[in-house]
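First subunit A sits with subunit B, and in the next complex the same chain sits with subunit C.
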Partner chain A sequence: MIQQLFGFLSYFIPEIICVVLMTTLLVAESTVKEEHGSRGKIIGYALAMLALCLLFLFQNLGEAPRFIFHNAITIDPFSTLIKIIMVLGTMGAIFLSYSSKDIYTNLKSEFAIMAVGVLLGGMLLASANNMLTLYLGIETLSILSYVMASFKRDESTSTEAGMKYALYGGLSAGVALYGISHLYGILGSIQFVDMVDKLPGLEGTNLLIVLVSFMFFFVGIGYKISVFPFHMWTPDVYQGSPIPVTSFFAIVPKMAGLAALIRVSFIFFNNNSALSISWTGLMLVISAMTMTVGNVTAIGQTSVKRLLAFSSIGHVGLMILGVVVLNEQGVRAILFYGIVYMFMTLIAFYITSHLSDMYGTDSYDVFKGLIYKHPTMAIIMAAVLFSLAGMPPFSGFVAKFNIFSVVIEKKLYGIAIVAAINSVIALYYYVKLAKTMIFGQADGDVKVLGFTSGNQAVIIALFIPVLFLGIFWEKVMIMSGNAVLFIK
Partner chain B sequence: MMSLASYLIISLILFVVGIVVMIARKNIVAILLGIELILNAAALNFVAYSRYVTNNLDGHIFSLFIIVIAAAEAAVGLAIVIRFFQIKETIHIDEATQLRN
Partner chain C sequence: MNGILNWILWLPIIGAVVAIAIPNVKDNVVRWITLCTTSIVLVLTVVLYLKFDTSTAAMQFVVKVPWIEQFHINYHLGIDGITMLMTFLNALLFFICTLSSWTVEKNVKAYFALLLMLQSSVFGVFFSLDFFLFYVYWEVMLLPMFFLIGIWGGENREYAAIKFFLYTFFGSIFMLVGIIALYYASGKGVDSFSILAHQGGKYVNETVSIFGHTFSFEHLFFWFMFLGFAIKVPVFPFHTWLPHAHVQAPTAVSVILAGVLLKMGTYGFLRIAFPIFPQAAVHFSSIIAWLGLISVIYGAFCAMAQDDMKKLIAYSSVSHMGFVMLGLSAMTTQGMNGAVLQMFNHGTSTAMMFLLVGILYERSHHRWIVKPDGSKGYGGLSTKLPKYTVVFIIGMFASLGLPGLSGFISEALIFLGIYQKFTTITVIAVVGLLIGAAYLLWMFKRMFFGEVNPETEEYDDMNAREVFYMLPLCVCVVVFGIFPSPLLNVMKASVGQLVDLMAKF
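Showing the complex of A and B:
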């Protein structure tokens, strides 16, 4: 028994690395003297450990699915791929935090501690196989996120962002928990496998309670991925938080929440019962509303952070369409979208961060005439914006195309039209920003200090996948295709 | 003799009161209390179902976890509220209006 548990630990190495990293960072933070350079070493150590974690994850990618710790956790290629995306996003955010002025100098390594903690929660959520691990994942993710949002603690905006996040988050997690409690009562277990066995035998009041409980349960996940009725916090929190935190929020909690949503949808609703039909119907409506609200509200924004927040809402709305169809192609499309979205978001936030460090604001004006000051960065940013809008030949196009193809294959023409209209709206506000960069008049020819050669190299390295996944996308599709084979 | 229904009704009342507190009260500490009520409603449900319906320990374990998480959440929430109070010198939720369209 004990030996078996220790045996399970060998599949849990990425998570263990994160725990070790968190604790050692805490010790390092409190013991290492604040000399010149020690901060950089701590960040370097964190990045190296995360790279090691990535190595183990890639090794796990080919393994058959396994249920460890009494069915509490699934290690399968699907969750592993999601974890890879999240680890990459975390590394990107930590690297950005090192050079960003938005994070106070004495809090740089604390940022890494918190980020790794959120990452750990996300990993738990991505491979949750019972309600308890799922809830623990959500809360680990959330509670540390509240701290991260209020990281700029001398500024009222950041504190306000953290507070709004904590209040909305506490409410939604509580509602979800109340739903879970009734699910446990009616279905008699907290294990997904045991719960799903009881589903077909339900009728009358019990069926109604289960349906309502699942709606409550969706509040918790929907809040984390910020879909339509629960998206109000997103722009506020994104705007108030420091930019590295925002870039982190745009990737890790969203991917983790999507992973949980996909897994729950596939385990509970992968049949033709009345319950599944109402669930997919709900997803369909929510997806349409999320896309529309995100993209339409993005038009009038003047802050680039808020723009990216609304655009991320729009992207999540599109990604949920892959859940609606409930088949492998849908999940594959979501995974590909997730990978591409991660790279695009990181680049957009990197460039915004360096510019807003320079000018102290993140309004459109800081992008004016960027092409004259930093041609490379301006071209990359413009390309990323076009990619976010889904223009060929960038990878954003392939990602969108995949989602559209699975939706049309299922003959859901109505939602395809809504998504197409939304793409046009999105194109408008992305191009508007690109226009500001290229045709706007630069006020003076000040060089942006943040664009050191190292930072530029990182941005270019992140740009390579955005460009080439648009052309050579088959390999990633095969990888994510292999990942979803075992999802059920 | 208490039945399952009485526990469920009490937890439902707790849940509704929690939601109402969160919506109606303007004091941020009171709103945090509302979150606690909601979490406790769920914990009560878990224990009641565990005792009367499912006869396994899952519910008890779950409610223990809920207690721990509620404490962690309250700690973080209060820390942020203290910071907010130090900056704004009020804990009225209507003062949190810097971030909006």
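Showing the complex of A and C:
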């Protein structure tokens, strides 16, 4: 028994590394003297550990799926790929937190501690194979997120963001737990495998209760990935939080939530039962509403952070279409989208962060005439915006193309048209920002700070995949495709 | 020889990269790099023309390399007679535009690099035989265009650039839905993204259902494609972006926009919308013809009402592209030949007009025929600028379709073609020609005759550079007006094949 458990632990190394990292960071935080350079060393250590974690994850990518800890956790290529995206996103956010002035400067490594904690929750969520693990994942993810949102202790917006996040989060987690308890009551188990077996035997009221319970359960996940109508918190939290936190929120909890949504949808609804038709119908409506609300609201924003927040809602709406079709191609498209979206989001937030650090605000004005102040960064930012809007030859187009293609393969033309119109709306607000950067005249000759050669190198390194995956995307598609094969 | 399309396609990009890569480069060096690149491309295009086999409608100089094998996407290039003409037009106009842009002083490096990228992406649209590649080039083309209008344009350039961008994107995103639908309708085979593999009316009997309503696959996606291409042409009522884009764009960009970019729309009909959905095209041909007719008449009347020269020429483009749509909707040999010929001839004549407007603008810094305060913008130009006047007369008469110049032949062919199908439309369309003559001659009268304006006194006549780049266009307009067979021979086989296909439905 014990031996078996230790055996399982060997598959759990990435998570263990995260736990070790988190605790050692805590110790370091309280023991390392605050002197010049100590912060950089701690963050360097965190990044190195995460890189190690990444190494193990890549090693796991080719392995067959395993169920460990009494079926509570699945380690399969799908969850591993999601974890890779999340670890990369975390590394990006931690790196950004090092140079960002938005993070309270007295902090040494608090950001890294919290981020790794949230990452751990996300990993748990991505691997969850029963309802309890799933709920634990959601909660681990959430509780530390609340703290992260209110990192700027002395600013009321940040505190407000944390408060809002906590209130909404607590409520939605409660609703999800309520749904899970009903599912347990009717299906008699929290293990996914056992629950699925009971599903076909249900009829009448029980079926209805199961459907409603799943909807309740969806509230918990829907809140994490901020889909309509659980998206209300997103803009305020994104705006109030420091930028590294925002970029982190735009990637890690979203990918974790999507992973859980995909897994649950695939395990429970991957057949043509009445239940599954209601579920996909629900997803279809939610997806259409999410992207429309996200994109239409983004138009009127004056703060770039808020703009990116709303646009991220739009992107999630598009990604959920990959769940609607409930096939391998759909999930493959989501995974590809997730990878590309992570790079684009990180770059967009990096550049926004440096600019808002310099001017103390993140309105459109700070982007005005960026092309004259820092041409390289302006061109990269413009390219990323076009990529987010889905213009070729950037990878955002390929991601959009894949989603469109899975939807049209299923002959869901109606939603394809909705998505098409949405991408025009999205183009409008992205172009408006690009226009400000490139057509606008700069006020004065001020050099933009923050873009040290190190930061530039990181941004360019992140930009290479955005460009490269737009033209040679076959390898990554095959990788995502392989990851999907074992989802059931 | 097979790689020649690759060279034509990628040379401009190489030129752009070289121009960008040299640090602290002098403006003149960039200009010469661009000129060298565009002239080599022009020479290659002439070589291409000489090697071109006019006897076959098949694709020539084909390059096919697998790109994304998983999705059966290929890097697939090739040209036929129709593309040959467009390729030549594109190479010629970009060569001329490089010369005409010599006076651009603002961010020279970026300007010429973007111009070269634009040339490459336009070639890409014309060469692509793979839907995915076609779509990528179709969209990529928007980016240099957006920046060229937005940075080097007139006062209201930001609005014009965004409107142009959004409008085209709106059309093309529907095209994307259509392209993907075709991919799945064809059964995801090896050539499922090949444009040619879809041609021939394979989807006549398929249906689709949207929101519970059943539509014919062919009819629905014909309109999806139509939207994408009609916005580009532009056909009434999708033309509203055009005057803004033209007026705000710098001269060279206007020339390219009117000269080649609009042709991408009609080219889309010829290569994609008609051959892939022939039954729908025939079924809706009267709607296309009426829309073409409205463009002709409406464009002409709008042109007549303009006080701004450039806006006048822009609306005349709407009118002339309406003729192309009319020729296409006829689906007869004469009509189709006329349409393709008109695409070429409009490219040269309208390029002349925009260049002439640009030349005058560089001297006067305004484009008013009648200034907003009611006074004359120009007057008596004919006495002060004799060379300019001669070139202007050639361009204007080619534009209004005077016999002996190029515009006449294509318009005559279009009328011959359409008369067999839509007699009423033909009769009304002739009025469009008349209005066309009226607004151009009226503009000419107001600008070139009458008292000499005090300002006009100081203008210099065209300099050697300007004469040099106007010359090839004058030659084209005159020679192809008298002797159009070099053009007609090249496209005969390809157009014939399309007409034969349409005749079956």
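Following the convention adopted for this analysis, the second predicted complex is superposed on the first by the 487 of 488 C-alpha atoms of A that agree within 3 Å, B and C clash if a C-alpha of one lies under 4 Å from a C-alpha of the other, contacts with A are read in each partner's own complex, and residues count from 1 in each chain.
Simple rule for what comes next: a contact is a pair of C-beta atoms (placed from the backbone, for glycine too) under 8 Å apart; a residue touches a chain by one contact, two chains touch by 3 or more.
All values derive from a computational prediction rather than experimental measurement.
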Ask   = First (subunit B), second (subunit C), both or neither: which does A:L207 touch?
value = neither
Task = May I ask you to decide whether A:M163 touches subunit B, subunit C, both, or neither, giving the answer as first, second, both or neither?
result = first
Inquiry  = Just checking: does A:I16 make contact with subunit B only, subunit C only, both, or neither of them? Give me first, second, both or neither.
reply    = neither
Task = Identify the partner contact of A:Y413: answer first if only subunit B is touched, second if only subunit C is, both if each is, neither if none is.
result = second
Task = Please indicate which partner A:I143 is in contact with in the superposed arrangement: first for subunit B, second for subunit C, both, or neither.
result = first
Ask   = Just subunit B (first), just subunit C (second), both, or neither: which does A:L427 touch?
value = second
Message = Comparing subunit B against subunit C, which has contacts with more of the residues in subunit A?
response = B
Request  = Could you look at A:K435 and tell me whether it touches subunit B, subunit C, both or neither (first, second, both, neither)?
outcome  = second
Query = Taking the superposition as given, does A:L282 touch the first partner, subunit B, the second, subunit C, both, or neither?
reply = neither
Ask   = So which bits of subunit A does subunit B touch that subunit C touches too?
value = none
Message = List the residues on subunit C that touch subunit A in their complex, please.
response = 68-71, 135-136, 139-140, 142-143, 146-147, 150-151, 157-158, 161-162, 165-166, 169-170, 173-174, 176-177, 180-181, 183-184, 208-211, 220
Subunit A to subunit C touching residues, read off their complex = 386, 391-393, 397, 401, 404-405, 408-409, 411, 413-414, 416-417, 420-421, 423-424, 427-428, 431-432, 435, 438-439, 473-474, 477-478, 481
Request  = Could you pull out which subunit A residues touch subunit B in their complex?
outcome  = 131-132, 135-136, 139, 142-143, 146-147, 150, 153-157, 159-164, 166-167, 170-171, 173-175, 177-178, 180-182, 184-185, 188-190, 235-237, 239-240, 297, 300
Residues of subunit B that touch subunit A when the two form their complex = 11, 15, 18-19, 22, 28, 31-32, 34-35, 38-39, 41-43, 45-46, 48-49, 53-54, 56, 58-59, 61-62, 65-66, 69, 72-73, 76-77, 79-81, 83-84, 87-88, 96, 98-101
